[in-house]
Amino acid sequence: MLQDLFTPSVLHSLDLAGIFVFAISGALLAVRRNFDVFGMAVLAEVTALGGGLFRDLVIGAVPPAAFTDLGYFLMPLVATVLVFFLHPVVERTQAAVNVFDAAGLGLFCVAGTTKAYEYGLGLTQSAVLGLATAVGGGVLRDVLANEAPSLLRWDRDLYAVPAIVGSTLVVLFIRFEMLNPFTSALAALAAFLLRLLALRYRWRAPRAWNRRSTAVERPDEQKATA
Amino acid sequence: MLQDLFTPSVLHSLDLAGIFVFAISGALLAVRRNFDVFGMAVLAEVTALGGGLFRDLVIGAVPPAAFTDLGYFLMPLVATVLVFFLHPVVERTQAAVNVFDAAGLGLFCVAGTTKAYEYGLGLTQSAVLGLATAVGGGVLRDVLANEAPSLLRWDRDLYAVPAIVGSTLVVLFIRFEMLNPFTSALAALAAFLLRLLALRYRWRAPRAWNRRSTAVERPDEQKATA
Amino acid sequence: MLQDLFTPSVLHSLDLAGIFVFAISGALLAVRRNFDVFGMAVLAEVTALGGGLFRDLVIGAVPPAAFTDLGYFLMPLVATVLVFFLHPVVERTQAAVNVFDAAGLGLFCVAGTTKAYEYGLGLTQSAVLGLATAVGGGVLRDVLANEAPSLLRWDRDLYAVPAIVGSTLVVLFIRFEMLNPFTSALAALAAFLLRLLALRYRWRAPRAWNRRSTAVERPDEQKATA
């Protein structure tokens, strides 16, 4: 179990760091959408805890970690306070936020895949649920903010692929009985670096072939999330 | 347990009343969004039962109360029929609906917090889940209607704060072993009155500091829910 | 149990067929909304598996079938690949897709109702959850695509009613101890044919009485999903 591999305090700190940066992205979107301070807190909580909550409901780990570990709940509130008072500064450091968010993505896909496997899911399903853990919070954030999820959109840099790579590495390591703190860190690092590269070089996923011929463009979509 | 404190029939009646008024608000939004009668019924059910359903899934109380108590399911259909035939009258009595909705808010945050604590959650987490029980249905209603949730928006009167106060009072009463029918009613009443005051005096929550400097206004949002 | 009534392989094939056609509708909407290939896969998975996932969480069947049966997960990916390369052809065969989708609707409402009853829900609740199984995936699809759910909208042909009829027939057959492979097929067939008739003759559900007098029209809604 991952819990045995790392010292619990190290793992918990990494978890809290991932939760914190995801919460920042939620609170920032709330500011952009002109929500009030409670809207900021709700989006921060949902972004940070939504993916893990979904994972825990699916594997039957109730009550979910989000409702048993007080730190998980308080961290997004800290992020909310920070963004509330300093959001112009936080926005100017968007590059830094992106780096932390990439770190959260790497950590969450590894932790999610490992926990799903521990609860008896198959290898492929564990990887899928790990991916859902990593990206689920962001999707919920965008749905609550009434926007087309950033994850699904063509005009955003690759986000799913790094998480898929991280989750896949974890299940490969499990399959060949090589999962240990070192290989876990390797998988998280791979997802982290891939995401940074995608941001740096604006990698994007293809759309359906011949799409332009029939699809209706919605230029207003760009504006909505500007 | 709250169930022991009140006579079950009184509590059940209060529950059904809360479900009814939440369902009215869902059905009215469906009318405004030009949905058909099934859309009205779905929004009524989701608004009335969504918060409790989420709570029950989180605490592992499956099947959720929404799927075991037939009255919980039928009440929103009654509200749908009423709004279907009489919605101009119901809309004219919006003030009355607001009062009932405030009563539902007070009742649901108390009942949700109590049930969460009974299922073993910590005090803080119980209060959070009580809050989620009270406001969750309205958030789901707005998401299904493809609108930015009223709960999150700056230009709406305080809704979360009254529920937070009610939930917090309940966990304080639990903490000091003072929870009984009288104090439960007191907590619900506090949330109820606070919500009425927020409506009366148009209390609003603050937005992030210096927000205007960077945020993009979306005037179309006003129109969408007019 | 339905599983005993049909040979498992026949039932599984029907399930996979239903999942496949629902996935096609999800992937097609992703193309129309200009999402990338991952957006297509996510919408395909959500549309195909979302209703059953909700049902399994409500009845406490964790991990849900969507995360235990690998075929359930892979089928939407096959649909995604197909739509990715051939979507102009698939769109031209919209009539065929509609027929398959109607078949999926019939099958899912019957399978959902039966499974809910097996897990101890009451007759009415089983029918409601069967309905939710059949229509839930489509609602999640539309929410993720940031559109008002097709299910709720007035300007769409009847979708809920055929599923309600199918679910109701199943619980009537259960009530009178007549549920067997033949009557199950009959219920699915009734829902299937009703849906085809609704498409053929553009049957629609009524909106609230006197609606026009107070409702705000949103013409932009038409455009959004054109």
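Lettered A, B and C in written order, each chain numbered from 1.
Simple rule for what comes next: a residue touches a chain if its C-beta (ideal position, glycine included) is under 8 Å from a C-beta of that chain, and two chains touch if they have at least 3 such contacts.
Please read these numbers as outputs of a predicted model, since none were measured by experiment.
S.K.: How big is the rotation, 0 to 180°, that puts the C-alpha atoms of subunit A on those of subunit B, in steps of 5?
M.R.: Result for this pair is 120 degrees.
S.K.: Taking shared residue numbers divided by all residue numbers at the interface, is the value for subunit A and subunit C over half (same) or under half (different)?
M.R.: different
S.K.: So, what's the distance in Å between the C-alpha centres of subunit C and subunit A?
M.R.: Taking the mean C-alpha position of each chain, the two centres sit 29 Å apart.
S.K.: Pull out every residue in subunit B that's touching 2 or more other chains.
M.R.: Counting only residues that touch two or more other chains, subunit B contributes 57, 60, 143, 146.
S.K.: Which bits of subunit C are touching subunit B when the two form their complex?
M.R.: By the definition above, subunit C touches subunit B via 57-60, 119-122, 124-125, 128-129, 139, 143, 146-149, 151-154, 160-161, 204-211, 213-218, 221.
S.K.: Which residues of subunit A touch subunit B in the complex?
M.R.: Subunit A reaches subunit B through residues 30-40, 42-43, 53, 57, 60, 62-64, 67-68, 70, 73, 83-85, 87-88, 91, 143-146, 224, 226.
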